[in-house]
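As written, the chain order gives the labels A, B, C, D, E, F, G and H, with residue 1 at the start of each chain.
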Amino acid sequence: MRDLLQRVADGDISPAAAETQLRGYVTGEAGRFDAARVARTGIPEGIITDGKTTAEVAALALDAVAATGRALVTRADDATTTAVTEAVADEFPAATIDTNPRAGTVVVHASDFERPDLDASVGVVTAGTSDAGPAGEAAVVAREMGLVVDRIDDVGVAGIHRLFDALERLREPDVLVVAAGREGALPTVVAGLVDAPVVGLPVSNGYGHAGAGEAALDGMLQSCTPLSVVNIDAGFVAGAQAGLVARAVAAGRSEE
Amino acid sequence: MRDLLQRVADGDISPAAAETQLRGYVTGEAGRFDAARVARTGIPEGIITDGKTTAEVAALALDAVAATGRALVTRADDATTTAVTEAVADEFPAATIDTNPRAGTVVVHASDFERPDLDASVGVVTAGTSDAGPAGEAAVVAREMGLVVDRIDDVGVAGIHRLFDALERLREPDVLVVAAGREGALPTVVAGLVDAPVVGLPVSNGYGHAGAGEAALDGMLQSCTPLSVVNIDAGFVAGAQAGLVARAVAAGRSEE
Amino acid sequence: MRDLLQRVADGDISPAAAETQLRGYVTGEAGRFDAARVARTGIPEGIITDGKTTAEVAALALDAVAATGRALVTRADDATTTAVTEAVADEFPAATIDTNPRAGTVVVHASDFERPDLDASVGVVTAGTSDAGPAGEAAVVAREMGLVVDRIDDVGVAGIHRLFDALERLREPDVLVVAAGREGALPTVVAGLVDAPVVGLPVSNGYGHAGAGEAALDGMLQSCTPLSVVNIDAGFVAGAQAGLVARAVAAGRSEE
Amino acid sequence: MRDLLQRVADGDISPAAAETQLRGYVTGEAGRFDAARVARTGIPEGIITDGKTTAEVAALALDAVAATGRALVTRADDATTTAVTEAVADEFPAATIDTNPRAGTVVVHASDFERPDLDASVGVVTAGTSDAGPAGEAAVVAREMGLVVDRIDDVGVAGIHRLFDALERLREPDVLVVAAGREGALPTVVAGLVDAPVVGLPVSNGYGHAGAGEAALDGMLQSCTPLSVVNIDAGFVAGAQAGLVARAVAAGRSEE
Amino acid sequence: MRDLLQRVADGDISPAAAETQLRGYVTGEAGRFDAARVARTGIPEGIITDGKTTAEVAALALDAVAATGRALVTRADDATTTAVTEAVADEFPAATIDTNPRAGTVVVHASDFERPDLDASVGVVTAGTSDAGPAGEAAVVAREMGLVVDRIDDVGVAGIHRLFDALERLREPDVLVVAAGREGALPTVVAGLVDAPVVGLPVSNGYGHAGAGEAALDGMLQSCTPLSVVNIDAGFVAGAQAGLVARAVAAGRSEE
Amino acid sequence: MRDLLQRVADGDISPAAAETQLRGYVTGEAGRFDAARVARTGIPEGIITDGKTTAEVAALALDAVAATGRALVTRADDATTTAVTEAVADEFPAATIDTNPRAGTVVVHASDFERPDLDASVGVVTAGTSDAGPAGEAAVVAREMGLVVDRIDDVGVAGIHRLFDALERLREPDVLVVAAGREGALPTVVAGLVDAPVVGLPVSNGYGHAGAGEAALDGMLQSCTPLSVVNIDAGFVAGAQAGLVARAVAAGRSEE
Amino acid sequence: MRDLLQRVADGDISPAAAETQLRGYVTGEAGRFDAARVARTGIPEGIITDGKTTAEVAALALDAVAATGRALVTRADDATTTAVTEAVADEFPAATIDTNPRAGTVVVHASDFERPDLDASVGVVTAGTSDAGPAGEAAVVAREMGLVVDRIDDVGVAGIHRLFDALERLREPDVLVVAAGREGALPTVVAGLVDAPVVGLPVSNGYGHAGAGEAALDGMLQSCTPLSVVNIDAGFVAGAQAGLVARAVAAGRSEE
Amino acid sequence: MRDLLQRVADGDISPAAAETQLRGYVTGEAGRFDAARVARTGIPEGIITDGKTTAEVAALALDAVAATGRALVTRADDATTTAVTEAVADEFPAATIDTNPRAGTVVVHASDFERPDLDASVGVVTAGTSDAGPAGEAAVVAREMGLVVDRIDDVGVAGIHRLFDALERLREPDVLVVAAGREGALPTVVAGLVDAPVVGLPVSNGYGHAGAGEAALDGMLQSCTPLSVVNIDAGFVAGAQAGLVARAVAAGRSEE
């Protein structure tokens, strides 16, 4: 520990990063940021914008970069994206910032951050154009966990030949995230055609009765083919769960 | 009218049948039985057992036979089936009685009743064994309306090759009733493969959240491919609606 | 196929239209557009605006015109309508554009597009002024499928004499779409008076408990007279389903 | 008060009736029974069986007879009916007992009880046979309040000519209770045809989505014609509310 | 009828008013306006703004004034109020216009319109300040029906002494509308203290689970004391239903 | 610890009780039984019968007696009560067993068990006879925690004078549990009249929409007067929470 | 009373304060303000902004200050905060105003107002940054009741070591309010670790199915460890209920 | 193929098994049984009893044994278990039958069936005794897929030390199924402590609002720590999904 403190004294490591190593989490003004869990699971701690002020999100992003070398903001609108971008540019001018408006994500890497690189893949499948948001969020998370991500888009069940045209690609990844709104039947059909685990990701399109993704969630929970499910629009969770699965496969592959 | 009354006086026609012709409905002790609608639409008036006593159901069945030459009881359990059968045997010894325990139906034809015979067909499709009840009810209704009925069973989406093996038969009927429980995706997939109208029939299997057919109903209402829907387990309604469609097609065919 | 490719080379047909004929769908930047289904069912593929950006909608509309000679955008607000109109005017200056703000639709016909013309009719019935949106959407779809459309407005059940004044017109079409909000009783009453199939279209007016169309949907699903139902405000689906029925009737009529 | 106590001492009046007069309610072993309210509103206090043991119901019935000369038990099954009947026969051998299995009611009148007789009428209307239970309960309550009750049965909206045949009778009562299950449209249509206040009584038949009376309740709450509503199967409440209205009319009539 | 047409020819009566007298309703561009029902029940036909454009509302208001001498717009925001006011001022400069922003109502009387004047009263009771909107709507409707209206405000159950201070006033009207949000207990308590019929009016305040008036509606439907209920925020319906009751009482009073 | 093990060796203490003291919980065949929490909070660990077999309940009861000298079974029907009683009589013949069929509880005290005796009181209030089950469960739990319990019954809001007659008793306890079904308004009214904390206990009577206690729960969550709530029929939780409050008050009293 | 009136005459006390002392509540133009209840329970009457206009809130705040020397506005946005602040500054220039934008509260103390000072403490615990609003509201209420408040933040269950680091502080207060959104598990875990009563405060973050706090509420109602619950975001209620408990403990402490 | 038919001719293989190999599924009288999917995914096709008659279940079990050498019946009550056992004993006397009443499963292995044996493990964790049913079902499925299964029971969050005592065992399996009812917080807490993927399995205990597993499902969907979920009581699905994950890990391990 003395060694660590010496490095703090020498300015080799920030106090936040040191606290992170010592306690497992760091406490900023806008809240606590958990780093031990990141280390253990490989899942970057997502900073979700719901219920927080823009300033709180930006402050948490800085804490995250300081503590773990990376920040991942989700459900970011334009104002939040700008606020985070400016705060990071100010505090960590050498960091790289990757924004994805369709997915609503902002990813920040400190200059010395190295993303892991794992020998396993996650397929992210969409039924249609309007699934792009949550699917994009899932893809970003899986990529940040170090996995190879394959996006397979527009394979909805309404015109099922589209699905069969994509069958070979669907059978390649080690695990699939399948996003669908409306009646949400795509994960059921896909899981009947592949042998990898499928994580269903219901999307909040659809309207009227059981709209906003409820029908899709209901259908995935009742699916005739076994699959597991995350909440509506929970792209982060789907990406992280698929990431954990792929990570386990990669670990299996690297065992001797 | 005098003619009619004369026939009543001569015993050629029952008072109930006469009242039916004069007022459009007949009033028995257990309720009214609507005959004009039967004549206009060809849909036999179903006597649903819910909320009625066994005795009331049997009485209504007798009224129906007296007024229109036919009775159709739905959701009949063993006790009701026996009660209706005995009452009919007693009152109309020459009538034929057709019971279907899996569909929960009892169909009675007076000795002189002639079922219509129309030049159009209804396909009744099921996803699995547990859809047999409501699908059977739909098939009985369509058949009573005089249509050709084709049952196409066990073509669930979980193993989608089953569906493609049946594709030719699915494309033949003039209209389809597609029954499915659980996630209820079958009507969506079928409607994407045929060009006839599809009536989705959600079935009350499934369990847990959105069980008892709710997920199936939700999914059909949100279907990406256009289809219309009836209530959960509403086999009678699905059969009648498909029957009306096929009837209109048959009428088109018979026009010159 | 060589023939087709030659026509592409000669500029007689766009690459999109050629891909459409070869694969059944065309892939643009904003998503895939399914053309085979259009050909089989006669239903124009609707481009629904929910969950898509304005730019994505406009791009999909261009793809649709290129692939099938027609585009149908639904739930279009003013901004989307303008964006689509401008994009089409730019890319297909000879196309005709038909916008309907109350129905929220934009219909584009390429200069050489010919709408089918079928010998069957769809009645579109409303209970009141606030049903105009979804009912209009249904009428547009049925008309695009080549059917004769009759609008019968303001025949709500609250003042039932209005309904009887319209009875003759209600009994003429081959199939009816009946739109109603609030308690949604109109389809039930109409279906008891006509012998054509009725498709109930619940509308999202109404307020408080079971508002936003839920009561109307519930009532139609529980209707005492057989009818089938589509989701709340699903004018496109109702129009397409009624269109499929009328199309089958027209096919019957044209058989010899 | 001394006078009252003297009558207790003389055995002219039971202690329960005396307590009732003094405190407004009487406390038995099974609970309290409110008499002041009965006196003020004319509504007999209903002893609902839900959540009580058979013994508790019988005990409360005896308390009611002792305190107010009358007992009204609702939702009574056969076992409860027998228990109440036997307890009353034992304790008040001169009382008259009126049981109605279809309505689920037991009405007890002490030998000296005189039902009021008011100059106003309540119409109780049903859509079909399965509305008989709650409608019967409503009729019993209104009758016990001293009103003239007219039962108008089987006037469902599916065959609307039935309704018009009954129009004159529907326009006679001072207030109407209209019971309906399934889609529950009858009160809406009736209220559009009469000028008396209508109390909608949703009935728990119907099945599948929004079954068990929910669709009927929803529809009545959203009715296009003004009416008020009670809970599903709340025949007692509907009868009491209609009774209060008719009572007010009768009071108006008797004013000079 | 010739007489009527002569008056149209002479300009003594508008074509709309004439159509109204002949057919019972008038058809303008924005919809139909029912006048026969107004005459029969005394309830002014409310023009609810939900689901209509501002222009449609204004047009319907003009139709209403032309046909019945009065217009009643509900749920009017500032823009609608202005549009109606301007349209009326333009078309019927001699009309009187009464706007009530808290109740969201606009009432227009043609110069020769005479509101009825009935010998009965409606009490409109609120639990708190935030019930003012729907309660105000109810009061306006009852007043337009010609009844005496008494507003009794701020008698919530949380501080029950407020209620008892108002007890005498609560016992005077012939019928009560009791508005309450949150837990909605006020109608239950009031109905236990008065002998007039009570119409519960749930109000959409409250938050979180069962907020927006659902808890209030639920509680009123389950009330231990008999009362009837209207939908959440349905001030118009509550006022009309109470008005019908009071009208019946007034009729009783005026009988000889 | 050696001392403890010596006592086990000497048979002064059972192995289960020793394990309890050492680990804080004891593991039997039917599950684990937590004793540390009992010691800390004074709340006996309730053995709820839902989802367990009768044999499992009896086994857990024996574990509880062995580990803490006491068992408290809730929601016990007759079969469970008998099974527990027999198992205890067999294993702990000197134990006292207290069964309460209305509350559904079985309480077992080992011969040497001494219930605590605290200087604070809990009032348990019911609106009517059908609240007796959950209210009884709450009373049993509070009593087992060592508190003085006062039952105040039948003070429903429908006849509010009953409530005022009980006002003095309502103001005495240190904390109140107020049980109510139907519209559940009693806790709101009571909390407006006393200054002790009120725990609302919704009861699953009531029927139709929002029946089975949902309306009562909704109303208590929306209460205008501050109170906290437990789940429907959660008598155990209400009693335990009130017990914790009273225990804290008693602790305050015993501080010097 | 004459003494009081003399003080009014002398200007020593406002008419509002006098009315408050005489009747228990004061009636301003915007509604009634209950003061007796404040005196009895120590809970300041919260002026909730929902369903009221800004002007009504400001008027009620002035009434509150006049009547009880204090005003507490909750759910105040910026506009309301400004309106209240300006109105108070105008009318009571010597008052102190304490605004808390994150909690949405405005607290006004008249110059001579003295907050009580009680010997008991309330812990207010949050799971994360987005619980700050309702938790802050609870803390303000408890503080205004005169209690010591300890805020313990960011102890969510996802990283459970954070919770154990805070265990000592969690065990100190006499009662805890535990705020949590999403799955809302924190109160369950905390209540298993402390012996004080826990009031669960569900927070309306979370998204998709059972979002907006419903999952948190559901989980707290089903908690395995006994706790009581308030509605979603009901910080005022949680603070007041915890305040009542702590007040009772303080009273116990001050008894001799 | 001729080879296969020769083996059928020789009686080495049943016609059912041959059809299975040729078409991928076998059609018996009670429905179709899918074998290709079993081969691809390793998940035995579960024969769920819901919605099927006992005879249908037994027939499907025989088909399954004939086609794949194994049958797995789930949700079997005593009658079904007996029917299956007897049918199998009759038809396949050499088969082994393994029944598990607590899990509701019947597993049949033909005499020559060999269960796979994979190098990966699934942990099945329960919160309490009443989770045993669905957890047992999950364990059976995972075992049939050839995985090592570790049951870790009674580690509920209410007494969180139980959880920490099991921490090492929780961290060993390659994937975890975590079953919990009531508030369902266990998967959230566990997923915060391990680095393997967690599949949450909500269990239908719990009562009152959000009972029957809904609160548990809601909480898992909203979990702060990433996890995926299956439907309430969907032990089969959870076991199959965890099995697919472990199978992928085992495949990774066996790659070179």
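Here is the rule we go by: a contact is a pair of C-beta atoms (placed from the backbone, for glycine too) under 8 Å apart; a residue touches a chain by one contact, two chains touch by 3 or more.
In this text the structure is predicted, and so the values were computed from the model without any measurement.
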Set of chains adjacent to subunit C and to subunit E: D
Chain whose average C-alpha position is farthest from subunit G's own: B
Chain whose average C-alpha position is farthest from subunit C's own: F
Subunit C-subunit H separation of Cα centroids, rounded to whole Å: 45
Separation of subunit A from subunit C, taking each centre as the mean of its C-alpha atoms, in whole Å: 38
CA centroid of subunit A to CA centroid of subunit E, Å: 54
Interface hub residues of subunit C, defined as touching at least two other chains: 37, 128, 158-159, 192, 204, 206, 208-209, 211, 214, 217, 221-223, 225, 231, 234
Pairs of chains found to touch, sorted by chain label: A-B, A-C, A-G, A-H, B-C, B-D, B-H, C-D, C-E, D-E, D-F, E-F, E-G, F-G, F-H, G-H
Subunit H contact footprint on subunit B (complex, rising order): 128-131, 133, 153-154, 158-159, 161-162, 165, 181, 203-209, 211
Subunit C - residues contacting subunit D, complex: 127-128, 156-160, 182-185, 188-189, 192-193, 206, 208-211, 214-225
Complex contact set, residues of subunit B against subunit C: 37, 40-43, 120, 174-175, 192, 195-197, 199, 217, 221-223, 225-231, 234, 236-238, 240-241, 244-245, 248-253, 255
Residue numbers on subunit C that touch subunit A, as the complex places them: 23-25, 27, 30-32, 34, 36-37, 50-52, 56, 60, 202, 204, 213-214, 217, 231-234
